[in-house]
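Look for chain A in each of the two complexes below; its partner is chain B in the first and chain C in the second.
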Partner chain A sequence: MNAIDTWVARHRERAATLPGAAVPWLATRRHDAIERFAALGWPTSRLEAWRHTSLAFLEQHELAAPEAAPHPATTLAALRTGFDDGDHWLVFVDGRAEPALSVMAAVPAGVTICALSEALAHRPEAVETAFGTARDAAAPHALNLALCSDGAFVHLARGTALEHPLHLVFIGATGAADTHVRNLIVAEAGSEASIVEHHLGGGATLGTVVTRVQAAQDARVTHVKLQRQDERAIHLAQIEASQARGAHVASHSLSFGARLARNDIHTRFDGEGCEALLNGLYHVDGRRHVDHHTLIEHAHPLGTSREHYRGLVDGNARGVFAGRIIVAQDAQRTDAIQRCDNLLLSKLAEADARPELEIYADDVKCAHGATVGQIDEDALFYLRTRGVDETHARQLLTYAFAAEVIERIAQDSLRRHARATLLARLPGSALLEELL
Partner chain B sequence: MLKIDNLHAAVDGKAILNGLNLEVKDGEVHAIMGPNGSGKSTLAQVLAGRDTFQVTGGAVDWDGTDLLALPAEERARAGLFLAFQYPVEIPGVSNAYFLKAAVNAIRRHRGLPEYDAMDFLSRVKAEMKAVGMREEFLYRSVNEGFSGGEKKRNEVLQMALLEPKLAVLDETDSGLDIDALRIVAEGVNRLRSPERSMIVITHYQRLLDYIVPDQVHVLSHGRIVRSGGRELALELEEHGYGWIDAGAKAAPATGATGG
Partner chain C sequence: MNAPLSPPSAATRADALGAFLEQDYTAGFETRLETDTVPKGLSEDTIRLISARKGEPDWLLDWRLEAYRRWLTMTPPTWAAVSFPPIDFQDIVYYSAPKSKKDGPKSLDEVDPELLRTFEKLGVPLHERARLAGVAVDAVFDSVSVATTFQKELGEHGIVFCSFSEAVKTHPELVRQYLGTVVPPGDNFYAALNSAVFSDGSFVFIPKGVKCPMELSTYFRINARDTGQFERTLIVAEEGASVSYLEGCTAPMRDENQLHAAVVELIALDDAKIKYSTVQNWYPGDKDGKGGIYNFVTKRGDCRGARSRISWTQVETGSAITWKYPSVILRGDDSVGDFHSVALTNNLQQADTGTKMIHMGRNTRSTILSKGISAGRGSNTFRGMVRVTPRAEGARNYTQCDSLLIGDRCAAHTFPTIEVRHPSARVEHEATTSRIGEDQLFYAMQRGISAEDAVSMIVNGFCREVFKELPMEFAVEAQKLLGVSLEGSVG
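What follows is the complex of A and B.
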């Protein structure tokens, strides 16, 4: 039912009602994008980048919106507890902005936060560059461009700072079996913001998400992506960042839900002295599958990158990590560390971790490593000799392993929220919580 | 009272303990000495319940219970404490969290009310002061990046907090300078009481200058080959362990229980 032609037909049907339909450059890009998608088809394991995560099954996969869902207002209210009143909330239901639910606190002059649909309606020229094209895009990201129905547009003028986090909440309700959202974040020189994507909702849906970040000179952008969708959902996401001289980008990807989740995260240093943190945690169980593909391009000297990924893989699930760091010939005095560590929580769980360094410069400090292992028996015994029963000791060690990723989230309320979300997923959370 | 009777243990089919006998009465402190590889840590770990070692024979009776039938955590709750020769690092678990989990697990078992956060903190801080640990160690991951001496102090701290009935200290003195050694010894001496017994494993006699044992045993090839008073330790100090290995083969080593 969902063969490539069906998606082409959907593009044809929806084109007139998608935001920016009357904007010529966008119509052209969408057209090119669906053509590219049709030409590529869903990626299969024959492609190196999709070796462990073939999407060929989507040719025949039945998608369905959930039959029932809590009212988005209820979901949002639950989410907002624990966050500061000053936070900003831009809410999307089934891929479209829901102004009635959004809560925007006052923002400083020079900061624009709005739905992409709104920007396209009033000032399409403001998003033209940031929007991107489907040239070189992988099939799911091309499909996203062709069909994206909304998303966030954030523009931070030179030197502005958003004090409180901006939350982009994507709730899947009963209205759509497939959603495609695109977020554009433009941070001018010296600006600063924390932006959090929450992906929630039920159903055997397919969702594509593309988030594009432009960090100009000395800008600081923190991006947190918290994916906890229905365990039948297909989630295909991309984060594409570029950093000018001295810019700092932190990406935290927490992947907990979905039947299949794929995140392609890429940042490129376009000037000297950039810094990037790629921090990630995934937890999969049952027959679920999660895949992170990351690429950090050190194209200029004096860049620093830190990449730390951890996975908890349970049941028959599979966790995939492939991280690449490219250090160009000019990128002298690069300092890069990349790690991916996995904890297998069952005999049938599987993890593939592949860190890769491609170094063309000669004066660099680079290290990488990956592990796939079980709970440390020595630590387990040590805890047991202190009276902690084996089950609780295992839970504690599992939580501690994962929590090290979460502790890298600098902002307090976000870190606490991430910690609580992780705890709620793990068995024994009551006992663990009591001791925190 | 602890009564170890003809204990045999092996790892991967290799025999390590070969018929070990030992009796430790309530309130007594016994020292176990012996060359490297003689089985001291194996004995300690078997007593604590490590299942990588297979008990292939013998029995351990502890106040009428079959100690070997209990899982490690139940031995701990019943009051057995092992100070590890190599304390384990647990990244991501703060020492404070770990200590509280341990203390409350044991208090729950003893039917005592669990500590609330404030009571616990003031208790821990007092004990830390006694073993010369700075407060920052509470907020660091368990043993992670601790020096050898800091790890050993952390073991003594746990012992003090858990108030065991039987404490086994596995080379807690190794790698300590004289000041640290004194603090560790004071920690042990403070806990000495008529209800509490201790097995102090050490490679060197110098610890016994500070902790005066009721009995000293010499372990060789997984058996106790000599038992005696403090003077035995001094003898070992003077002559080294060489003569033991020579003698162990000649003399049958059964019946070397204390008491």
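What follows is the complex of A and C.
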């Protein structure tokens, strides 16, 4: 049972042992957060933002830590192949930092990378602003604030650049039935970094993940999220970014695993000339469910945003995309394009798309498009005339459809890794690799 | 010719747009008539009173009361992107009719000449001498239908075209068979209210295999103060029948808001075609948003039969607030649904409009074409839903949804929802938002076209795809409404 009061009780039990328990501002925020969560309850389909993804079932849902799981070190070793030695690895097992597994290459002066628990223990004031509050938070994100046990804290001082990607690896092992992690990324003016979240394992657990990004003037932050959790896991995530003048934020969300995955991705332009790229791919099959809700707020003039989401929906699965672009009254000369395309691969699959434009300025160029369909018969025919049999032609076209999203990832090693991950998921991958 | 050869300055552009937008509401006059009005307020007694005034059978009264009881348990919808103070449903007159000597006019000659003049003034041909217009009209004034033309000629084809009240008396079996089968009484808050208190409207029945020889139309006029208009239209096209139906509406200029909550139900059986066109020009309120009609309407078509087709075309220029989503349920195999819409909001007008296409049958097709124009401080929202159910093999939808912004204080929103549960479905949605570009204006002016004509041309071109779906007479009216004829409005 996971009724609301069970969670309130968990907060009461854990409060004293959570990181930063002695930090007054945090204790207050955690208290407010659990109150907000208790007041809201799990969102149901009656809420517009949760219409296609009700969490009401969580009231009755049994959570369990995996009974057996590969050793995190094994998982990590497999993951690290193919990546450069210079990459940074910060590893979390069951929602807590695992320094023994983490591998940190040398970082430039001015760059701080540590576990959130560590930052809270030594310099809680450094994370106070970035930490956020539960005000206006949706229920799962409020729960995250109340219960978060760790996460990453990244601080990039003015003008610093992290050359190699920082990997944040979250492995669900046998230790917990619910995990809550919070990542804070603070990029000062002109700084630059690529941060990758890997979510793995997890059995039948519930995990909440909140990643908060603050990009100051002209900062460039690339965030890649690869979610490959076990197929019974429930993954509720939020990425919340704010961009100062001229800042550039790219978010790539690749959602492959979990029984139910929900990602709320939100970025707000707090200054002129910001740029955002929201890129996403989901592949669901079986009885699984994936939902991306994105929001780009063009609050200031001259902003540019590009959003491309693609979904492969197979089996009995359901893929949901809802993207909203808001252009405020004074955000003149905004240029926004949003697209969402879905391939339905089986009779019982369902794809839902809600591309929304909310525009209050007149000198703007905004367009959105959404499609749900199947593989183009002409393309299929073309391949068959070239001697590729139908099954493989279909697989090839499916891969090509999805790979377009991956090609937008700028960093070579990440792109290669994402491509390999996608290939491994598709049927006939061996032959596909040959054809490619 | 003294066409300017330099790009239009911001001032020229503003002038042109200003002239384009400043059109007067010409239908804003009021007709003074003796009326039979029930007191303000809503209760079961009001409903019994309305039903008694109309001499309705018991089953219909029960149906109304049932709807009223449902309505009492419901709350007004809040999801639309419109804002207005709460409506006091006890402060509305639910029934108002021009006083007549007997039960009602038996023919046009008995219709109050004042009424005829009103409709004449609005350009609605009620007199049979207007035969040339080739359109049969049912004229609804406040709560009742005052005249229906061409009934005899239509009757020869077996077509029933009369007011709803008349249909209840003359064809109760048809009304009973179809009423509420597309929009059930408890469908939504305003539909429930309408089901409880609806006063009049049109009833159309086209029998098997008949192609209606002329356009049918209803003209709705709100006249009395403090009244709400709650009309109900029911159109049934039997196997192989076809009909084109037009609807127009106006209201006097008043400082208070008036409620209009209509329900329209269309039913198309096998191979039937229904084309429903609306030019909605209710009073939009003044420049400061004072007054105007709240247009909260439920319109839905049911393609019940195979190969049936229902097409909605609407030009929405009036009303302070528009809340309306003409929809099609594509139940029959190979049925087709269309929605073509132009919605213009100016000053403080708010429109939240769009459509729902529910694909249930095999090989069903739907097209949605929406053009939204926001000017002044207007707010224009397209809200759409395309649903492909698990049985709807081969469903196909194409949606194109464009917004044009005129002025930096207006708003345009696009909220489509797509739900697909069949892998053979193809659903596409495209939307763009833009404004009239300086370069477009410059190009036209360079060729000797005045700025205001250029704006009108651009707006017209923007809406063309929808206008061409309108019957000719309406297309002309629609273009006029959008201010196409701007002759001499700029010095």
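Rule of thumb we're sticking to: the second predicted complex is superposed on the first by the 435 of 436 C-alpha atoms of A that agree within 3 Å, B and C clash if a C-alpha of one lies under 4 Å from a C-alpha of the other, contacts with A are read in each partner's own complex, and residues count from 1 in each chain.
We adopt the following convention: contacts are C-beta pairs under 8 Å (C-beta built on N, C-alpha and C of every residue); 3 or more make two chains touch, one makes a residue touch a chain.
In this text, all values refer to a predicted model and were calculated from it rather than measured experimentally.
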| item | value |
| --- | --- |
| Which of chain B and chain C A:360 touches, first, second, both or neither | second |
| Contacts of A:404 with chain B and chain C, given as first, second, both or neither | first |
| Which superposed partner A:396 touches (first chain B, second chain C, both, neither) | first |
| Partner contacting more residues of chain A (chain B vs chain C) | C |
| Touched partner set for A:38, first chain B, second chain C, both or neither | neither |
| Complex contact set, residues of chain A against chain B | 376-379, 381-390, 392-393, 396-397, 399-401, 403-404, 435-436 |
| Residue numbers on chain C that touch chain A, as the complex places them | 79, 388, 390, 403, 405-435 |
| Complex contacts: residues of chain B adjacent to chain A | 48-50, 52, 71-73, 75-77, 81-82, 84, 87-93, 97-98, 100-102, 104-106, 109, 158, 162 |
| Partner chain C, residues of chain A touching it in the complex | 48, 52, 329, 332, 342, 344-374 |
